[in-house]
Every structure is written in C-alpha cells, then in structure tokens.
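One chain, chain A, links the two complexes that follow: it is found with chain B in the first and with chain C in the second.
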Partner chain A sequence: MGKVILEVKDLKTKYVTRFKESVYAVDGVSLQIEEGKSLGVAGESGCGKSTLALSLMGYYFAPLHYISGDIIIDGKNISGMKPDEVRKNVLGREVAYIPQAAMNALNPTQKVIKFVEDVVRAHDKSMSKKDIYDMAVQRFEVLGLPKEVLSKYSVELSGGMKQRTVIAISTIKSPKVLIADEPSSALDVTSQKMVIKMMRELMEKGYIKAMIFITHELPLLYNVTDDIMVMYAGQIIERGTAHEMVFDPVHPYSKGLMGSIIVPEAGTRDVKLEAIPGTPPNLKKPPPGCRFAARCKYKIPTCEHGERSPRIFDNNRMHRCIHSVEYLQERYKNEREAGSKGKVSETGAE
Partner chain B sequence: MGDIIKSDKIAVDRAELEKRPSVLRGDKVTKVFGYGNSKTVAVNAVNFNFREREVISIVGESGSGKTTLAKMLLGLIGVTEGDVYFKDAKRDISSHRKKKEYWRGIQAVFQDPFSAFNIFSKIDSLLLDCINLMGGKKFSPEKKYEMMSEACSFVNLKYDELTNKYPFELSGGQMQRLMIARIFLLKPKILIADEPTSMVDACSRATILDMLMKLRDEVGMTIIFITHDIGLAYYVSDTVYIMEQGKFVEVGSAEDVIISPQAEYTRRLISDVPKIHEEWDLSTV
Partner chain C sequence: MRGYRRYYGKKLLWYLVTLFVALALNFFLPRLMPGDPIAAMVSQAMGDGAVIDAEAIRAVELQFIERFGLDQPLPMQFLIYLRNVVRGDFGTSFLQHPRPVSDIIGESITWTLALQLPAIIVGWILGNSLGAIAAYLRKGFDKGMMPVLMFVSNVPAFGLAIVMLWLFAVNLGWFPVGGGFAFDMVPHFSWDFMMSVLRHYQLPFWTMVFITIGGQAIGMRSMSIYELNADYVKYARFLGIKDSKIIKYVFRNAMLPQITGLAFALGAMVGGNIVAETVFSYPGIGITLLSSIRGGDYPVISAATLIITIMILLANLFIEIIYGLLDPRIKAAQQDV
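On to the complex of A and B.
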C-alpha cells in the first residue's frame, strides 16, 4: 500500500437555503486515495457529486456549510481551518479544483499570462514577472501547450484549448490533489481526449499526486481512473476498482447506472438499456433506511428502516445494500438469463 | 454484457427498408452564409433519402454543419441551392400558411429544454397550441382535456399536476419529457431530435430514448437524430450519416459505419470515444 495522500473521514456538509432549511448534500463520506492513484465519482444529477468536490477543498462559503468530519491531506488536517487560511495555504498548493465550466472563468480582457501571475503571486509575492513567465513556459511545454498561448486573450482560444489552459494554470503550484468536476463535458470527443491526456501527464510527471475525477459519463471514468465510487443521495453506496465497478457492480443502483452505458462497440446494439425509474430523494429530509429503497427492484420491507452501514467485502470493495453480495449476484445472473431480446427495458411509473 | 449478435436480421431489415416510401429527400442541398471573402459553405451539396419509420443519425463534430442542415429541413432557414422533397413532392413553404401545413408533418425536439418554452405561457396553452395546430380547435373542452392527459401520461407525467403551472416550475428532465408529449399530440411524419440527450445524465437519457422509440412504434414516424454522441447513434439508428465540414463522408447502416468505418474521419471520430471493451488509445491526439 502506498502513502495515503488524501483521507476523508465521515465528512458531512450541508446547504442552508434562504428559508433556513438544511439540505444534506454530503452525508458521511469517507474515502482514501494513495499516492499516484485516481478516484472517479459517478452518480446521477443531484446526487451530491459536485458538492463533494466543493467540500473537499475545505473552503466553505454560504450557502455551503461544514458540519463535521476530517479532511487530511498528506498528514495535514484542513477541515478546521478558517476560510482565509485555507485560501492562502491550501488552495493551489495542496488542492486544486477545476469546476464544470472552468473555461468560462478566463476574463476576456486579460492575457493568459496575467492569470498565471495572479495564481503564483497569491502564494508567493516575491517572484518577478520574468521568473513567472519562464516557469509558465516550461510547464506549458511539458504539457504540450504552445507557449504562444500565454500572450493571447482567452477569446482567441478554442474551447478545448481554454480548458487545457485553465488546468495548466490551476496546477502551476503543483498541488497534491487535483479535483476535476466534469472537466470535459462541454467539449467534443477530440478535445475531450486531449484534456484527458493532459491530466494523465500531470499525474505521470508527478505534478499532482492524486486525482478525483467527477463525471456521469461512465465509459470515460472507466478509462481515466483506477477506482470508481458511486454516490447516491449524498452517500457513497459502492466502491471498487474501475473494472470491477463497470463489469461486476453489486449495489442495485450501480447496476442500474452501468446498464445505461452506451458505447460504439460491436454487440452493444443488442444489449438492453436500463433506465432507473423515478428521481433521487429530496435531501432536505433524506428517507430513513436505504435511500435508494423507493426506486429499488430488490426492495424488502426492512430496507426502509435503520441506517445502512457500509459492508466491506473482497478486500477493499464496499457496498451499502441490505442484501449480500452472493444474493445480488445470483439475482443479476438469473435476470440476465431470463432477459428477453427486447431493446429497452420497461420504465416504471414516476 | 450481452453476447455479440451479428445476425442476418440486419441485412433483411435493410432490404425491406429500401422499399419503404420516402418521406424526406434532399437533392444537392446547400447552405451558404455570407458573401465574397467571408463566404462560408455550411452545408455543401448533400444528398439524402429518409424513409418511413427509419431512424437516422447525423453525426459530426461541432461546426460540421449538422444543425444548419436540421434547420433547413425544418424550414426555419432558407436553402441556398438544391431541393427538398417531402413525401416525394417538392416542398413548398413559400407562405406562412403553407409553412404551418408543413410543420404538421415535421417537428423537432431541441437540446436545451430550458430555452425551448415560452416562459410567459402556461403548460396548458402549450399543449392546446399543439391541438389547434392539428386542427382540433373546435373540439369540446372534455375532448381536449382527454387528449392532453393522454399525452402527459404517455411520458409518465400527470396532467393534473401540471395544469396551471409555468414551464420554469418543472425540472429539466420533466421539461424534456413534456417536449415529447407535444410530439405525441402532433403525431408528425418526421421528428428531428437535435442533441435531445446531451444536457441530461445517462439515466434520463435511457428514459428519453425509450420514450422516443415507443413513440416511433406508435405513430410510425421517422426520427432524425442530430448528435455528436456516436454511442447513441450506434445504439438507436438504422442509418448513420457522418458529416464533416458540410459534407457526408460516410453513409450506411449503423453496423457498417460504426463497426467497420471506411472514411478516415469516421475512424478518428470513433477512436476518440472512450470505450469499455477495447483499449482507449490516448497517443493519437
């Protein structure tokens, strides 16, 4: 086992609305990432994926509030820090965050080099412009970006190029952990591939030590990350290696998610596409018991009572279903055998 | 995952498909924007023939001209050169009345459900407009109510919960389903679906595709998907058109085009999509 870079223990955060209602978007998340590893987070819209990303930075501002839990980056606990301290000492150095529409973050009236200066100066006021420029040129070169980009305005760059530039800028101080929230969703397939390639390079060259990658595109996650965890209603309901999660999911929700994968490969045209009926629960008042119970095909009466604690199996896989792994696998197997050749499965009522 | 099924079912289908009557045919359809030096040929002399109950995908990168083509097919923008034939007769949309008549036969679902609705009118009036366009203006209120609730229940929505609401009170998925309810009321010959699932997650995508396919079987319409999602094109369509810089570089059955692509562009496009059974080669970019 390698050195643990990021460790999160039972993290809980909430949003507080204008009407003083609490929305528990991250509810008891624990995870560990070792050096040189990447972790993918999958789930539907509204499952708390993006909130988890925001919470992991340790930088909380209204309406997001911290409740409890620890975030330990390379031995340093950042969860109790004041926002100002976090901004100065953690962001950029320890953690870098790339939001969904990062490429829109570039001010069109400034040249790219100005953003690099801003980032570097925020941490180190003593560096001269010349030094910063040299540093940027060197980093851009390594990552395969032309240095001409530095003296351009953001409007002169294409969407894919902008996204790669933003990633290069935000990792210029070589943070330990990179959190990428749908970094390639707004791009076409070719630009997406270039962004992914660059993120791989960042890892391989050691500029970042660990990565969290959030997306709902499972084939992409499968190709990018070592491990995948599936999030539902603010909780992690299953975790395993990318291969295990895609080809052998255990929890009924993960199973449903994996059933919605479409890839352009021979044979996949005749595979039945699964749709999970209904929508995720309202997190103002999370349902007692298993949060997925209302939408689950394998529900039994006890599902709706008592908190489901994580169950570990097969040395390091985790799931949160009341049923045993053997039982679920048996059910899936039977279903597969009985499955008709129909194209799309039945979708239930709302 | 299922076994690889490559039966001759597909070949039989194609022969039968070729015999079906044509619903929309294009002959050297061209669109040019601008004049002189700033001239851009967005769609360059494309030929196509869409048949009854066929599911077609037009696939290309951003800027390949696929949305321009869709707009021309819908009659929202003019055609610079070439002809469009609707049910084997030359399309005539020279007046507003003729356009309205044409739109009874061809309808669209767009990418962004949030901007597709008039935010000032209620959902009822949106559905009533559809009934009026179908010539149901003189129907009794009971009949109209019945039609609207039938359309809503087709897409798993409840009309009684929607009535008197404004579109912005619904979620994105609900709005996209309401768009499909509109199509159910109108029962057009052709549906153009311009990136219908690119703004929803994978689970809702399955639901929406499921509904569109059910609708096709029920109404017997032709669906034209405009998309950059090759996985989706492969999964749903009978015929795939690959578009590059305003031209079709490859046309054929989904199986032929996606599994054994001939054109260089198609090959590149497919190699750029992350897959789960094959290695994703990152060195090619």
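On to the complex of A and C.
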C-alpha cells in the first residue's frame, strides 16, 4: 500500500439557505487516496458530488458551512486551520480545484497571464513578472498548450482550450491533490480526450500526486480513474475499483446507475436501458434508514429504519445496503436470466 | 484591425444619417409651433404699443421678415440654415435681437456645464461606490441602504429641487433662493463674485448629485451582486487569491454597464436639467431653451437642440470606443462584423 496523500474522515458540511434552513449535502464522507492514484466520484445530479468537491478544499464561504470531520493532506490536517491560512498555504499548493463550468471560470476582462500572475503572487509575492511568465510558458509547453494562450483573453479561446488553460492554471503550483468537478462534461469528444490526456500527464509527470474526478459519465470514469465511489444523497453508498464498480456493482443504486448507461459496443444494443425511477431525496430532511429506500426495488420494511453503516467486503470494497452481497448478486443474476428469456422486468419502486 | 475599421466606418455613417435627421427635426419642429415671433419682436422694437401707425409697423415687420429670410419657402430656409450651420453661423436671436445665437448658447452652456459636469461625476462616483459597498457588505448596510436609494432614485427632480429650496433657502435661509449669482452683481472676476456663485451653486449642485446617486447605486449594486456570484469569483477564491484582489475583478466588470450610464448622463447634460434649472432660476441652457420655446425664438431653439443632439451622439460614439477598449468581449464582437 502506497503512501496516503489524501484522507478524509467523516466529513460533514451543509448549505444554509436564506431562510436559515440547513441542507446536509455532504453527510459523513470518508475516503482515502494513495500516492499516484485517482478516485472517481459518480452519482446523479443533486447527490452532493460538487459539494463534496468544494468541501474537500477546506475553504468554506456562504452558503456552504463546515460541520465536522477531518481532511488530512499528506499528513497535515487542514480542517482546523484558519481560513486565511488555508487560503495562503493550502489552496493551489496542497489542493487545487477545477470547476464544473470552466467556460466562465476565467475573468472575461483579464488576460490569461495576468490571472496566472495573481494566482502565483497569492502564494509567493517575491516572484517577478518575468519569472512567472517563464514558468507559465514552460508549464504550458509541457502540457501541450501554445504559449500564445497566455496573452489572450478568455473569450478568444475555444471551449476545449479554455478548459485546458484552466487545468494548467489550477496546477501551476504543483498541488498534491487535484479535485476536478466534471472537467470534461461540457466538451465535445475530441476536446474531452485532450482534457483526459492532460490530466493523465499531470499525474505521470508528477505535477500532482493524487486526483479526484467527479462526473456523471461512468464510462469516462472507468477509463480514467483507479477507484470509483458512488455517492447518493450526501453519502458514499458504494466503493470499489473501477473495474469492479462497472462490471460488478453491488448496491442497487450503483447497479441502477450502471444499467442506465448507453454502451455503444456490439451485442449490447439490445440490452434494455433502465432508468432509476424517482429523484434523490430532499437533503433538508434526509429520510431515516437507507436514503435510497424510496426508489429501491429490493426494499424490505427494515430498510427505512436505523442508520445504514458501511459494510466492508471483498478486501476493501464497501457498500451500504441492508442486503448481503450474496443476496444482491443472486437477485441480479436471476433478473439477467429472466431478461434474456424475453421477459421485460418491471422497473419501479414497489 | 480591418474588421475594426469597417465596424467604425459603418457606425460613423449611421451617426451622420442620425445627425442629418436630427438637424431636419431641429429646424422644422420649432417652426411648426403656433405663435408669431415677428409680431413679438416688432412690438418690442417699437416700444410696446407706443407706435400705432399700422403702416410703420408693417414696414418694420417686413424688414425683419426679410432679414431672417422668413419670406422664403420652408425647404429653402432649411437649405440656408444648413449652409449657415456648416459655416458655424447660427444666426441671430429673435428675442434678444441682434445678439448672435452662438453668443447666447455659449454663455448659458458654460453655466450648465459648470453645474452639471461636476454634479454628474460626483454623483456617479458616490452612487457607484455606495452600490458596490452595499453589494459587498450585504446584511444590515444593504438592508438599510436599499430603501433609501430606491426612494432617492424615484424622487422626481423638480420635487427634490422644491423640497431643497423650501428647506435650505426659504426655511433655514442657508442658501439663496435662486439665480447663478447675486442679482445685484455683474459677472466679473473677483472674490465676492466667486463666493456669490459658490453659494448659489450649492442647492442645484446637491440636488443633481442626489438624483444621480440613487439610480447609479441601484444599478451598481445589482451588477456587483451578479458578478460576485460569477464562476470566475469562486474559481479565483479556490486558487487562493485574496478577496481584496477578487473584489477588484468584480467591481471592474460590474462597472462596465455603469459607464454607459455615465456617458448618457454626460451627453444629456448639455440639455440641462430644465426642471432643476427652472426651480433654481439657474442661468443655464435649460432656461434659455425654455424661454426661447416660449418666445418662438427659432434660431436659439434649433441651435440648442442641435448641440444636445451632437453631444448625445458623441457620448454614444465615446461609449462604443471606450467599451471596445475596456471589454475584450465587445472588442471581439466589433472585430467580427
């Protein structure tokens, strides 16, 4: 087992609305990433993926508030630090962020190089403009970005170029952990590929040591990350390696999520696409018991009572279902056989 | 660069067309008004009913009509007017005959500019700062400030002017009730005269400032709140950039639409705030325009409205150029044309 770069213990954060209501968007998340590894986070919209990304930065501003838990980066606990200390010493250096909407992530009235200067100076006031420029050119070249980008405004860049520029700026101080929130979701396939390639390079060249990749596109995660976590209603409901999660999901929600992917490969066309009925629960008042129970077709009465604690199985895999792994696998197998006999299985909560 | 030149070439053409249309309207509209300026002039020239010989009156009338070219058909008059305008000759005033129009306009515009330019700029700066602070601090300051700003921005100019006049001039007697300087003085450079001007200046000045503040602050506040929630603000924060720096990005961007407001205010300023100037009997171009409309003084009306038109057109052009320089998004759009 490699050195642990990022460790999160029971992190809880909430949004406070203008009516003073609390929305528990990240509710007890724990995770671990080793050096050189990447972790994917999947889930529907509104499951708390993006909030998790923001919460992991350790820098909170309204409406997001920290409740409890630890974020430990390379042995240093950042959750007890003062905001200004986090800003100065952690952001950009220890942990960096790539936003969901990179299209609007750059100030429209500022040249790229000016922004790079501001980013570098926020951490290191002593660097001269010339040094910053040289550093930026060098880094951009390594990452395959033309240096002309530096003297342009963000409006003059294409979507893919903007996204790659944002990635290069985020990682300019070589942070240990990179948190990417849907970095490629808004891009066409070619640009997506370039973005993914760039993120791999960052890892290979050692500019970053670990990565969290958040997306709703599961096939992408399978290709990019080592491990995958599935998030539902602010909690991690299953975790495993990318291969395990895609080919052998255990939790009914993960199963449903994988089942709703369109796979363009031959022989899979006739497989019926299944959607998960319903929507994620309101996190102002999370339901007691299993949070997925209302939408689950394997629900039993006890599902709705008591906290579902994580269950470890198969050497470091985790799930949060009341049923045993064997029971669920048996049910999935039966359904598959029934399906292939021509019966259309009924979907929907009972 | 070529796209740029083509863009401004096209724009300039449109400005010229607008200017021509404005010139025509400036010329014809006053002349369509009811009233006979010649009759007024004749009676003035002859001492208000002192002469009753109809033939003598007729002779003087004809002399005036000929001098002003009013015997020509209107289109012909327009061409003469155009020729004169191009030469910079706006003719002589009917009412203050034989004073040249350019002289009358020149004097009153000085008063108007001296009042409005500082007032608009001060109001704009104060208003934008207040709006920006309200947007940044939110909470108590914003909640207390907003209703006040809403109120101020919706108070009509004449209402505020009258209240100010009543409170500070009539009731408290701190400032004179009207005029640009004490009525027993002749404009000249002296300490006493300057002090008198300064005292007369206060009420109209602060009235204008207040009126400008309200609208500007509300605009700046909502623009700033919008920009504060922009994605680039969140991103910059997560890169560890200081809030003080981010605020600079935000306010610079929020400022852009406000520049339009400033340029329009500056363009419209030459029209003078007729209402405020009337209430304070301030000798600006607003009052000049008002009295010339009342007296059917065509040359003065045409010249005043022409200057207003030109200033607004210039302000527009100015915004367009400044915008291209300040906002790369607009610049890109301009180059694309």
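As a working rule, the second predicted complex is superposed on the first by the 339 of 350 C-alpha atoms of A that agree within 3 Å, B and C clash if a C-alpha of one lies under 4 Å from a C-alpha of the other, contacts with A are read in each partner's own complex, and residues count from 1 in each chain.
The rule is simple: a contact is a pair of C-beta atoms (placed from the backbone, for glycine too) under 8 Å apart; a residue touches a chain by one contact, two chains touch by 3 or more.
It should be emphasised that the depicted structure is a prediction, and the values quoted were computed from it without experimental measurement.
Trainee: Since both structures carry chain A, what do chain B and chain C do when superposed there: clash or fit?
Mentor: Once both complexes are aligned on chain A, chain B and chain C fit side by side.
Trainee: Figure out whether A:193 sits in contact with chain B (first) or chain C (second), or with both, or with neither.
Mentor: First partner only, chain B.
Trainee: Could you work out the angle between chain B and chain C as seen from chain A, using CA centres and rounding to the nearest 10 degrees?
Mentor: 70
Trainee: For A:93, using the defined touch cut-off, is the partner it touches chain B, chain C, both, or neither? Pick first, second, both or neither.
Mentor: It touches chain C, and chain B stays clear.
Trainee: Per the contact definition in the header, classify A:246: touching chain B only (first), chain C only (second), both, or neither.
Mentor: first
Trainee: Looking at the overlay, what does A:155 touch: chain B (first), chain C (second), both, or neither?
Mentor: After superposition on chain A, A:155 lies in contact with chain C alone.
Trainee: Based on the superposed arrangement, let me know which partner A:337 touches: chain B (first), chain C (second), both, or neither?
Mentor: A:337 sits against neither chain B nor chain C.
Trainee: Residues of chain A touched: more by chain B or chain C?
Mentor: B
Trainee: Between chain B and chain C, what is the tightest CA to CA spacing in Å in the combined model?
Mentor: Least C-alpha distance after superposition: 9 Å.
Trainee: Which stretch or stretches of chain A touch chain C in the complex?
Mentor: 54, 57, 59, 61, 87-88, 90-93, 96-97, 99, 101, 103-110, 115, 118-119, 122-123, 153, 155-156, 166, 169-170
Trainee: Where on chain C is chain A touching in the complex?
Mentor: Touch list, chain C to chain A: 230-232, 234-242, 245, 249, 252-253, 256, 326-329, 332.
Trainee: Chain B touches which residues of chain A in the complex?
Mentor: So the residues of chain A in touch with chain B come to 44-45, 188-190, 192-194, 196-197, 200, 216-220, 222-224, 246-247, 256-257, 259-276, 279, 343-345, 347, 349-350.
Trainee: Could you pull out which chain B residues touch chain A in their complex?
Mentor: 1-6, 61-62, 156-158, 171, 173, 200-207, 209-210, 213, 228-235, 254-255, 258-259, 268-270, 272-278, 280, 282, 284-285
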